[in-house]
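Chain naming follows the written order as A, B, C and D, and within any one chain the residues start at number 1.
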């Protein structure tokens, strides 16, 4: 990729910021307006999240790859599509951007900027869900990068649209998102005590996804 | 198709597994959260199912065709687009993957893995619905393969999105899916007593679909 | 277009049949499941209708143009993109297919096949709505055929998705659909007394749409 | 762009008219039918608005650029993609079209044509939201015009779909839309007292968006 690293990390931070502003903001909006019908609130959280993912990957993909997820950057390094030296800057930009996005959502909805979630998410069902969600995300990305590159933005947006509903955890599938969502005590939050297990489950899903991609012949792409 | 048969059957099993995890998982999520409004639950079941179909066909289509449906594989054999010797492995992979996907949904939602549905689905309205649903699916696939190949993933996802609502049976249109859904006693289940009639109706729909495709000039494609 | 007229009229009848089965079927499903929340029922009617339009135009467009609407066929004749001698067969096929689609929906939902709507739709607001809806549909089709031909299926599906909500009449915009919907006494029906005024309003919308297309430089296309 | 200015301003007026008819009309429909569940009403407002934006940009983009937003036209002038002499005609056409669209919605729903909104929208959260919404819209448009031109209609429609939910203001992000929406005392209205602050916030968002586009290397495009 020919873009300078500073521009690329800016793109990752910006994308992660808008992604989290959407996840957290639409969660607040949905919960506020749905009159207690959680399924309606989740629809109001799902549709915007899927939509903004398509937008961000279309808009930022040509700049930085629009990973917005340390596991996707890690996968790119493992597949030699990205230099290892770029992993830390990418992950840091993603995490900082994501946390800023949570703050932005709080500001927009007139809520205290600094919050800590009290929404406990734990248990084997949730962990299996995170592994499955991450597995599916990795297979989707690697498969479409190999065989349907132009469709990657749509595939990722639609995958997360589905995964919000078919996984018991509503599919975090992203360590930066997981950490950032511990900073909001609203609809989409996760209590800090649940973070480590979620990230371990996501790593397990990544590993399985890479093995499946190997078996499916999704070989690394020159970029 | 140049991919080895083992890889192709793996793709079929994987796709069917994720498809059923989505159908059953989002059904559980929708029913749990919708506060008794079945239309909202069905929206929460429909949107993820349509979305994941687009994703799976984009991701796995180049590997195995992403049939995830024994009737689609059968149609490919009848049209000489696939060897008859591959039909049984495809169908077996689809069925095993589908059942595993149901188990995965149960695991994610902390439910007993092994269940048998008690949701009776029977009667002439349901059977006509299954025939119509399968008919429409086959015409859609063969028409788009012939005239709009790049749009096949979107067409199938959108077709099922519509068919969940316009058919009284919510459109199974797939024997592997039908059998697998008898293994869940949740929103999307079907009691085993209803399976045979559903599959016969689907076969009738396949036959009508093939005749319509002939009349419409959707000739077999070399692949 | 090189396809024989019999095949083309079959495609028009088939498309109109599946379109109406979707409009009426999803209306029945939505009204039955939504527990009296009409907005949820209308969502369950809108999303499938928009989806099936994309599917049908992708699947049948290369065969017959997938008009499924006498006014679209009339516009094609006025613009010399279709022979006048083909208008009557097209319109007849559309109307017969549409009525059969209504019957199919009734059969699938175990309702009496033959019904007459008692849902009165009348008044200047409704008529203005029908003119606006048809105007927008015609401009959309002619604009996309001229400048974004591959996007026509998506544009039409999304246009009707919007028009179901922004017009007070929920946007019939189609004489064949209007007549066919008088044959169902369910969510999407229209009492026969309202048909003539609706069709006149649609014709007015067509005329305005053709003038706007002229002003916008959407010139007839050779096909 | 080779189209005459009269045709281009007609396209801007027409697009703005249909956009506002959709925003206001679907807001009325959603509020009327949703039985007090505001989240369902907002879904019924969001989905049509996102859909019609895709349609209008597909249909009118090749004629006038389909800005339908004075800030987008201003950005085009600042980036030397449009002549400054065309800014006033564009903005005037957009504003007149938008107001006519509000009137059309009122006519269709049998409401008084002339209304003034009493829906007060004010406060720092709302203003930050408008700045963020406009910032994201500008980055999306400039990024996609640079790197994914064919996807612009879909990106804009999906961006607004997301922004309706993740911003506390439901994302006006457009001075012509803001002014026009003060002319309706329905779901989507804004009391005139709130207009100036909204537009100032939108201008701040535009400025930030242009800076971000510069940093991301979204250079002006010859058209």
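Rule of thumb we're sticking to: a contact is a pair of C-beta atoms (placed from the backbone, for glycine too) under 8 Å apart; a residue touches a chain by one contact, two chains touch by 3 or more.
Remember, it's a predicted structure, so these values are computed and weren't measured experimentally.
Common neighbours of chain B and chain C under the contact definition above are absent. In the contact between chain C and chain D, the residue numbers used by both copies make up under half of all numbers at that interface. Fitting chain A to chain B on Cα positions gives a rotation angle of 90°, stated in steps of 5. Chain D has its Cα centroid 28 Å from the Cα centroid of chain C. Averaged C-alpha coordinates put the centre of chain B at 40 Å from the centre of chain D.
Shown for chain C are the residues that touch two or more other chains, namely 37, 40, 43, 47. Against chain C, the residues of chain D that register as touching in their complex are 3, 7, 10-11, 14, 18, 21-22, 24-26, 29-30, 33-35, 37, 40-41, 43-45, 47-49, 51-52, 54-55, 58-63, 104-105, 107-110, 153, 157.
The touching residues of chain B, counted against chain C in their complex, run 36-40, 42-43, 46-47, 50, 123-126, 128-129, 132, 136, 139-140, 143-144, 146-148, 151, 154-155, 158-159, 161-169, 212, 215-217.
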